[in-house]
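Pasting the structures here.
Next come two complexes built around subunit A: one with subunit B, the other with subunit C.
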Partner chain A sequence: MHYPQSLQELINTFNSFPGVGPKTAQRLAFYLISLPGEEVEKMARAMVKAKKRLRYCSRCFSFTEEEQCNICSDTGRNSFTICVVQHPRDVLVMEKTGQFKGKYHVLHGALSPVEGVGPEELNIPRLLERIKNEGVKEVIIATNPNVEGDATASYLSRQIKPLGVRVTRIAFGLPVGGDLEYADELTLGRALEGRIELE
Partner chain B sequence: MHYPQSLQELINTFNSFPGVGPKTAQRLAFYLISLPGEEVEKMARAMVKAKKRLRYCSRCFSFTEEEQCNICSDTGRNSFTICVVQHPRDVLVMEKTGQFKGKYHVLHGALSPVEGVGPEELNIPRLLERIKNEGVKEVIIATNPNVEGDATASYLSRQIKPLGVRVTRIAFGLPVGGDLEYADELTLGRALEGRIELE
Partner chain C sequence: MYLENIILHNYRNYGDINFTPSPNINYIYGENAQGKTNLLESIYYLLTAHSFKTKNEYELVKWGGSYLRIKGKVWVKGDISNINIYFSNNKEKKILVNGKEVKRDSFFSMFPVVIFHPEDLLMIKEGPLLRRKFLNREITRMYTRYWKYLQQYYRVLRQRNSLLKDQAVKRKDLESWDEILCFYGSKVVYLRMKFLNKLDKYFKEIHGTFTNNKEDVRLYYKSCVNLEEVTQVDKTGKDKITEKEIYNQFFNLLKDKQEEEIKKRYTMIGPQVEDFNVYINNKNIKKYASQGQQRTAVLSLKIALFNFLEENNKFSILLLDDVFSELDEKRKRAVLDFVEDKGLQCFITSYEKKVIPAEKNSFAVYKLDGGGLVNENSGKFN
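Up next, the complex of A and B:
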């Protein structure tokens, strides 16, 4: 016995998503067919519409439906500071802090010689152009705290510093509300290195 | 800052699935828009197609694309034994044991006075009809090993026994409080072997 073809295809569709195993795919598929037909068509349309409308911002490479994203086209934000992130979703995470009023640049990945990801694959040449053309004074690097993120940060620093621009990286340390007891030694080591003077 | 509208709608779509939180929804949405356009349209079509084609088997209420499912229309299987399950996915789980050669009946739920689910909502009248019309000799109840499943089993037993039909329930080889969907084939096979007579 096997599932009807269309059901199996639906399960396979969900199963093709990252982090969705066979059981979850099955659960999602059964949920979907339990919905009213109009609801399913609405979902299908949302998928196709998002794929059709979304493109990369011509300036920062975040997702947008326009030529430029709403941050790049916001004249109220300063263009002297660029925050470099790996992924478009990181933009929203940074925005949630409410503390950054500059612009962004999305690399869409991190340097990884093993996987053949070099500076050209990461919109880095476009970042350097922006730094030169937009009068940037500081580049804040917010790549992930892992090997690839570290390598990308070092590379960017070597490229940007000679342009006479300040390059910083967001701090490593303990998560707020965390417990020293549960911090791993690497994080704690970094937190110690990056200690700041108390007034 | 917020996501472009079509992206937010896509995230909301995924977020509406059971067990898919905001972070996962976001991850799925970003994965989807990273795919080629044809791939996304293929997925959207798979959703709509599954919803349009799938219907309940007129006999056992499992999912099928035909009037009757491939188990009900399989003349090689005996019609004297009906295995009663709560959910269509449970049929496939039972089939994987390779130990059951009869037919199925899918209740699409379990009795739950609290949630207002009575015998009429569960295709139970249709099950009783089938027992009378199809010369059924044994009904194997494979509802979930929890309160609702137990109540459903007792109710079915009280309804079916007076018809002179043997009523059994698969054994508690299953972990109590668990869910049929997550049982492995071996445990389920044992449970099938060890089924006990209901009074």
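Up next, the complex of A and C:
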């Protein structure tokens, strides 16, 4: 049996979302059409509104509705330290720690030649400009702890160090509050290599 | 460790079979094409969820069937494990150990098993691919972290090679992959060297027994880095391979090869091109040994592996497929003595019965005929 065209279109739309397979797409579509009309319209409006209003911050490339995001325009924050992350959602995660008072720079990805992502596809040239223009003293690299994130960190370090700026990488470690026995070999191995002297 | 029982359902030519072997030596004979190797393969599959015969697992499902199931009871150090493997034609695969689902990667090193089969000879006769596969498989069993390092290494390698394929590759782009390539690469090379160094000791010992100490054998890892330079004498006076030194050499070598790699457009050095050789009396076995010598050497290597595992508290089962062809009487006897003295569980297949000397009456002897297994000691049909 074929679904009516509009339903099939809706299913296909959901199916194109990341992490959504055909079955979930179908469930979501059926759920959506079971809702009252105004609920659906509210959702559609939220989507269109977000898409229309949001843009990248002209300095750090995180999401904002203004020219600059609220972190970049916050004069109370330390602008001599920049934390480099891969994705806008990583900014939120870092902010949750409440421990970082500097500024951010979002790359929107990591180096991956297989997928055709080189330094030009990431916001690296803009980062180098910022370092030169904003009197940055330290760059903290918080790219993902995987092969691509590590290579990106290595690339950044080679570009930034010659500018006389301190470059650091966040530590590889164990999840706090967990048990050692549940750590996988790779994480534990790197935690061991990055061990620190006790005072 | 020993296998108490194995039940096959829809497995190759077997259909259904319920086999309760002896905890010691099981001698299975029968004419060709009766399924001797398939029986050993099923035991190997039960314990590893891999086949040593084929990459295409669909072949394991009985012709016309849509799935296969293998169940077994295995004793390890006084504990029994119930293994249940299900594989279907639509690629679904489930491994349950005591009712809990286990991933294939971690299952692989849970129940060590060592197999010798005639095609292992290709490991010596052919190119480095089979030898690298042997290393990757066996080192994973010994050091589980090895597999993860290898996977990460290949991920970096794929990225780096993809970059090299690009005609306009920039040096600084390439260099950003070098550190991480060397990071995982040196770990892989280190564990391979460490593994072979240790295996070498057991290999020499067992090969000495099999050949009356007439042949001096040696395993040698052929690396891009210089083995002598990465081996240092430690405080206790022992040779010690240093991972850091491997890293440094690997890293410098990459720098030296940069021009050439850009020209050839692929990564030329690293574990993916490395190899190991077997030497008999200082001569490469591949070129300078007879078929019989090569066969004995492979057998010694497999049994060395068994001893190595055992000494690391990983007790395994030994599967010897058609081990006696091309071995002279003395060597046949030495193998039989070894398995008997060890008191291990072993499965030996042969096309003839007469290999077993009369005094070896502790062997459980089975005749395989038309897919059925008859215990000759009890006359029981499995």
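The rule we apply is simple: the second predicted complex is superposed on the first by the 199 of 199 C-alpha atoms of A that agree within 3 Å, B and C clash if a C-alpha of one lies under 4 Å from a C-alpha of the other, contacts with A are read in each partner's own complex, and residues count from 1 in each chain.
Keep in mind that, in the parts below, a contact is a pair of C-beta atoms (placed from the backbone, for glycine too) under 8 Å apart; a residue touches a chain by one contact, two chains touch by 3 or more.
Just so it is clear, the model here is predicted, and its values are computed rather than measured.
Of the two partner chains placed around the shared chain by superposition, subunit C is the only one that A:G118 touches, whereas subunit B remains out of contact. Looking at the shared chain after the overlay, A:L92 reaches subunit B, while subunit C stays out of its contact range.
Applying the stated contact rule after C-alpha superposition, one finds that A:A151 touches subunit C and leaves subunit B untouched.
By the touch criterion defined above, A:A171 reaches neither subunit B nor subunit C. With both structures placed on the common chain, the touch criterion links A:L192 to neither subunit B nor subunit C. Number of subunit A residues touched is higher for B, counting subunit B against subunit C. When the two complexes are superposed on chain A, none of the residues of subunit A touches both subunit B and subunit C.
Within the complex formed with subunit C, the subunit A residues making contact are 111-114, 118-119, 147-148, 150-152, 154-155, 158-159, 184-186, 189.
By the touch criterion stated above, subunit C contacts subunit A in their complex at residues 144-145, 148-149, 152, 155-156, 158-160, 162-163, 166, 172-173, 175-180, 183. By the touch criterion given at the top, residues 1-7, 9-10, 12-13, 17-20, 24, 26-33, 35, 37, 40-41, 43-54, 63-65, 69-71, 87-89, 91-92, 95, 181-182 of subunit B touch subunit A in their complex.
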